[in-house]
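Letters are used for the chains, namely A, B, C, D, E and F, taken in the order the chains are written, and counting of residues starts over at 1 for each.
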Amino acid sequence: MLTLGFVSAILPELSLEEVFATASETGHDCVEVMCWPLGKSTRRYAGITHINVDELGESQIDEIHRLQDKYGVTISGLGYYPNALAPDREEADAAAAHIKKVISATAALGLDRMNTFIGRDWNKSVDDNWPKFIETWLPIIQHAEAEGVRVGIENCPMSFTADEWPGGKNLARSPAIWRRMFTDIPSEYFGLNYDPSHLVFQQMDYLKPMRDFSDKLFHIHAKDVRIDRDRLDEVGILAHPNEYHSPKLPGLGEVDWGKFFSTLTDTGYRGPVCVEVEDRAYEGSLDDRKSALRQSAAFLRQFIA
Amino acid sequence: MLTLGFVSAILPELSLEEVFATASETGHDCVEVMCWPLGKSTRRYAGITHINVDELGESQIDEIHRLQDKYGVTISGLGYYPNALAPDREEADAAAAHIKKVISATAALGLDRMNTFIGRDWNKSVDDNWPKFIETWLPIIQHAEAEGVRVGIENCPMSFTADEWPGGKNLARSPAIWRRMFTDIPSEYFGLNYDPSHLVFQQMDYLKPMRDFSDKLFHIHAKDVRIDRDRLDEVGILAHPNEYHSPKLPGLGEVDWGKFFSTLTDTGYRGPVCVEVEDRAYEGSLDDRKSALRQSAAFLRQFIA
Amino acid sequence: MLTLGFVSAILPELSLEEVFATASETGHDCVEVMCWPLGKSTRRYAGITHINVDELGESQIDEIHRLQDKYGVTISGLGYYPNALAPDREEADAAAAHIKKVISATAALGLDRMNTFIGRDWNKSVDDNWPKFIETWLPIIQHAEAEGVRVGIENCPMSFTADEWPGGKNLARSPAIWRRMFTDIPSEYFGLNYDPSHLVFQQMDYLKPMRDFSDKLFHIHAKDVRIDRDRLDEVGILAHPNEYHSPKLPGLGEVDWGKFFSTLTDTGYRGPVCVEVEDRAYEGSLDDRKSALRQSAAFLRQFIA
Amino acid sequence: MLTLGFVSAILPELSLEEVFATASETGHDCVEVMCWPLGKSTRRYAGITHINVDELGESQIDEIHRLQDKYGVTISGLGYYPNALAPDREEADAAAAHIKKVISATAALGLDRMNTFIGRDWNKSVDDNWPKFIETWLPIIQHAEAEGVRVGIENCPMSFTADEWPGGKNLARSPAIWRRMFTDIPSEYFGLNYDPSHLVFQQMDYLKPMRDFSDKLFHIHAKDVRIDRDRLDEVGILAHPNEYHSPKLPGLGEVDWGKFFSTLTDTGYRGPVCVEVEDRAYEGSLDDRKSALRQSAAFLRQFIA
Amino acid sequence: MLTLGFVSAILPELSLEEVFATASETGHDCVEVMCWPLGKSTRRYAGITHINVDELGESQIDEIHRLQDKYGVTISGLGYYPNALAPDREEADAAAAHIKKVISATAALGLDRMNTFIGRDWNKSVDDNWPKFIETWLPIIQHAEAEGVRVGIENCPMSFTADEWPGGKNLARSPAIWRRMFTDIPSEYFGLNYDPSHLVFQQMDYLKPMRDFSDKLFHIHAKDVRIDRDRLDEVGILAHPNEYHSPKLPGLGEVDWGKFFSTLTDTGYRGPVCVEVEDRAYEGSLDDRKSALRQSAAFLRQFIA
Amino acid sequence: MLTLGFVSAILPELSLEEVFATASETGHDCVEVMCWPLGKSTRRYAGITHINVDELGESQIDEIHRLQDKYGVTISGLGYYPNALAPDREEADAAAAHIKKVISATAALGLDRMNTFIGRDWNKSVDDNWPKFIETWLPIIQHAEAEGVRVGIENCPMSFTADEWPGGKNLARSPAIWRRMFTDIPSEYFGLNYDPSHLVFQQMDYLKPMRDFSDKLFHIHAKDVRIDRDRLDEVGILAHPNEYHSPKLPGLGEVDWGKFFSTLTDTGYRGPVCVEVEDRAYEGSLDDRKSALRQSAAFLRQFIA
């Protein structure tokens, strides 16, 4: 019913084939494949290109299918997480254009899930971002509808450190905002790439939204998070979130994964659940990151069989 | 010390051999085999006949033993869960008679555990059911003593929906009633098929009874349950229980399985622990039900090795 | 903003004047006055007649007003809690008729709050009671509208002991049922006499309904309740509720009164909060019951000034 | 050991004498008196002038002392809460100048406690505010030392609504920042006007800082706060705080006042505890606000005798 | 039903008349009067003589009765808390002899409650103390029976600091030991002076014993205690208890007084509840101790009216 | 990053080769090997000699290395847990001397971790043990420095039953004492063999010390513990700890292993985590103990991959 995978961003130095090989070795069924445009990355976990959609022709597609068969691994979806509402118009336009390309590549590969962020001008309020949101996203979703690809917006506030202050770089952080998004751009192809950890650090219930938005769950990220109470007691929630919480592997944080999968399976969700490794304790080396993948798989296989 | 199995009722379309094969494939050591009389089932999970005790001769017994050896799977006990105190005398008498047959079949197969319900006339109070309870069950337990078979009563209230209202179809729902049962029919062959989930939805401690009734734990059902707080807040405990709780696979509900097995092993219990799959999210197809068995095994193997 | 009072049922042996005097002595502002028809009471706390509405003329009304002035005590509302849906038609009709009389008396006294139960045929399901509910209550509420009196239904399940088994004697036990009541008989004069304790023993949130039904809070009963866990662990929620819980004075139970008044004042409620003393530990003598009134007042004055 | 009072800002329409009379009537020992400069207020609870320090001569001082004696009420301290780090230089300078005047007035009245905010340019980070903080506050604290007046900074983030977004209008929101403040401007005359409610909504421990900063507790505000979980679950902590919490009277929120006073008295604190009424449910009229004062006093007298 | 008082040990410098006057001024109904023999005290709270039972003749008794009437205060019982099982035989014998005298004085004053400790040789195990316990206490209880005085043993381990290490100076610390005491010396005159705080710091349920020993509750001490988690985390429960907990006034610690009085009144207890002030924060001066008495009374009057 | 093993003491009847074989069969990477001197054991789990360091020459070392290779199992460290501060000087001296030998053997085997206890004269206070602690341990640690072996002190109070009463047989029970130890004997070769279960039964936070002593975590014991609340409520924390708690396999007790490994990996710890089986329910036979090892491995592999 569910398949287990990981987000390829954690393996930037590997080729797509090596990523598939690693998935197979570490006990995964699938991979969410990063599709950033070539060029240099600017933030952690960004800028990775495991499939270059700018050069995706028949032969590349055939090769990707062959690799999937060879390693017994599928692609859960294509991923690209830029800021399509960045204050720099050139950056924003490039992001929106490449999102559309990744959507088309998704369809070309015979897949139907593409994951991304909404983006945000972090210096402006939610309200002040709204007109640009509509203007940018209506055509993207129309494109997705035409391609038959469901776009899953990850619910990450992208608001962790000083350079994302004050507003963060992704509007889609809360149920209140999702309601507004889905009301203003109603489409069966516009939904969520749901990650419970982002609600945990925002001190929110992460189970209720799964019931409330059960038809919008397009893809799942399994990330965990630990609230560092001793730090929180010093700085409070108004500080940058990275001052008081730590992303962790599934099972090493606050998420009650039994309750999570209990609710998820009840919503009728069938599909991929991909670990997003962002646990600093496991990032020392490629070996450590592979350990993280093995450990996550061992932990999550209690709930995905 | 403990063996892991499942209740065969979840695989009604399979033959006994196929059930054993499934047990083997999904990582189980044993199976509680359903032995309803042939005929049409009236409620969910009832009416399944994996062994027809009405036609259990030498050759059938040999075949069953052969199949166990072939698949490396044992039978944890025979199961049959009718209402031997049903207000319809014919139904009640037939149930009691068939319970005795299943007890004899248990012995014939060289086993010593048979599981069932007490039953109840659901329109009457516990007190008003009591004379019929004594009258019906004294001879059954005497028969079990003669056969050397321990009868484990599942502690399910059988009170979930409108058609079981008001009293439910099984008296044996609580420690207070078990004390009364075991006082009025004292026998080393009369005990419990203990399922913690039924105490959870009744808002009761499910660990203390394991200490208090440690010598009455004859067989264990590993079922979990989720209290649906949003529903409970709407309807309250006086509503039909299915309006506010959901049976779930082990690990997907309220039961703290670490504490459960901690207490269980301390009581000195050695024997089968059988998953009873009644999780609606995993009942869409035979494949889904097999997933449920695999997942339950993966989860419970943390505690049964 | 809020006034503090008590339900007169706890002082059955006193006259109305003595009830007012007791209110004054024990630190209360008001009293909910019981108005049963004369005759013998059948259950605990029922059958009390501090105002006989069958003989309420001008002179009686003047006298009641004089007594209020004399003792500096007001009437929060008139109360009468029979079973207008009793299976015995005569009993049901008499109850409905007297409810109407108490409503008229309320108006005659210049008041606008009357409190009662919906009633229930306890042998039938909620659904099976519904036609009779509509038939009985539509004319009562029409009468209340004509008199300008708001009828507050106490949310008590009246389901505590064997003689109320199985269904209890009052339909209005849960938000789910209130929604149905207020949908089928929509009226600004049909609301709740809200008592949080009844939700506590039903294992429900008692704060959320105050927000959800903020415009239906016509009168408040301040009763507390203690869940007796050691008993609940023995008998479970399917037993008669009095086997596992105990009504208690405010502050001696599970209700978080700070949160209760916090939510209540935020709804915009302004009006009476009446203690309903049903704590067996304080019922040994009239002196004990007066102690109960003094103690409740001392406790609740933290929140009502 | 402790004295009970309130902040006069809740009674803007009353004269100082009427404020004292109200304190006496509602059961308080003292009042923190607001000393804004004359002129029109810009935000809720600001701009109140119960003592005009611009015109505080001998005769005014004598009159204030006479009124204190007449009503048996003392002044816990003078209060003025502007933004001395406002981006508008004129506003900032005026604030700093008036703070100094209030400090002098405090001394002139024979008192030793003055309460205020640090202020903040809300568009800048904490770091970017720091140089201006030092520049502005060093001379203020030197002035306070000269006058022998202890300046208590209220730990309010002043970050509740859109117009205070993103940074809030007071730097002194957390222990981490207090440490920095007291390290950079070390003085026995520079401390805290400690209000536990602001730590509660920031999801912080409000007891530990009382032990850690026991010598910096100069004055206490008794305000409570309720976290509105249903709202928080919709919007998360990154929304404006007023979207998910509500200031409430003591006893109506999350603060455990028993533990609060337990810790406070153990630190050796002796002095005033002043209720700051900002509970919207009690602001409908002057009578409602007086009810709030009476109720707060009734609640807090459990801990202050 | 209940009366409120305090233990006179907190007022060592006052005469009995001054103690009664203080009780009256601070809102108490009664006092537990300390009756140590004259001589110098050796530990905190010990050695206080408000009634010298060595010189208690008719005239002294009359004077005591006169003072009770004058101040409207009664004596809840006489108290004397030595170590009758001290390893120093002379100390032990003197203690036992004086306990008997205080019992006789209790009867002479027309009272029926005397409170004390069992004592213990702190260097020996509970078992090794047992023979001496029987030998010492059987005659004391026989004397109490003859005098018609109920002896309430306070359940204090007397094990707080290095000089009481390792075993503490009072055997009667736990239900397990009480059962043994009351089995070996069965008497209606041998019971408990129950103080919930001592169970709290021993990490025990303080409500269940009130139900289990409901007929042994002879007198009640209302003391509270705060577990200092930051200290406990450093030193653990094997350290001296004063390193990780602090005695506090009622309402300033861990005891849930609502639940405490809820359970107490349900047991049928009627009688005195005496505050034992041992809160260091309130011991700076006689005024502070009087504040403690006023505050405790204000807090406990919510539950005692 | 982490390796999984067990303490060899649970397999006293097996040879070193059999221990390695068992490790391999039950899914472990390493073993902490017990090195008691030959002779008879005096307490449970003591006196086991899987490597006899008194006879450890070149050939023995080669053989041990060969066995490790053969079974694919490493040695996490050598262990020997005597009482080097025993009141019996001969016992103490023998222990200290053998500790040094085990340290040398550790180095000889090419390892760098040796685990032991500090010891304690259980009849004396911590302070009174201190001079002997310094005298005994300074030379041991100097020896360890010379050998390049890190000595990990297990944080077990060795205070469970009457024969260890009152002080226990190991000083190193709490962070407060560790600070003192590491201050008085500062060395990079003196640290902890950290076992969270011992802090749990002492009612302490077991996560905070891992952050505070992150550079002192030399070796980890994975043992769990269950607080038996029903027993604790009877006897309290002043009773012998075995009266109210039970050592259990990982996952069967109070330890939150997700949080444990989350914190452990964040400290930078890389190395062995060894299960210490002391769960009575799994000690019936060698088969049961092997079940315990298999089950522990199955449970812990969620966190160690």
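In this text, a contact is a pair of C-beta atoms (placed from the backbone, for glycine too) under 8 Å apart; a residue touches a chain by one contact, two chains touch by 3 or more.
This one's a predicted model, so the numbers in the text were calculated from it and none came from an experiment.
Averaging Cα atoms per chain gives one point for each, and the point farthest from that of chain C is the centre of F. The pair from B-C, E-F or D-E that reproduces the interface of A-B, where over half of the contact pairs by residue number are the same, turns out to be D-E. Using mean Cα coordinates as chain centres, the one most removed from chain D is B. As a whole-number value, the distance joining the C-alpha centres of chain A and chain D reads 44 Å. If each chain is reduced to the centroid of its CA atoms, chain B and chain D end up 64 Å from each other. Along chain A, residues 208, 302 each make contact with two or more other chains.
Touching pairs of chains, sorted by label, consist of A-B, A-D, A-F, B-C, B-F, C-D, C-E, D-E, E-F. Interface residues of chain E facing chain C in the complex, by the touch rule stated above, are 1, 208, 211, 258-259, 261-262, 265-266, 268, 301-305. Per the touch definition, chain C reaches chain E in the complex via residues 226, 230, 246, 248, 251-253, 279-282, 288, 291, 294-295, 297-299, 302. Chain F meets chain E in the complex at residues 125, 157, 159, 162, 165-168, 173-176, 199, 202-205, 208, 229, 232-239.
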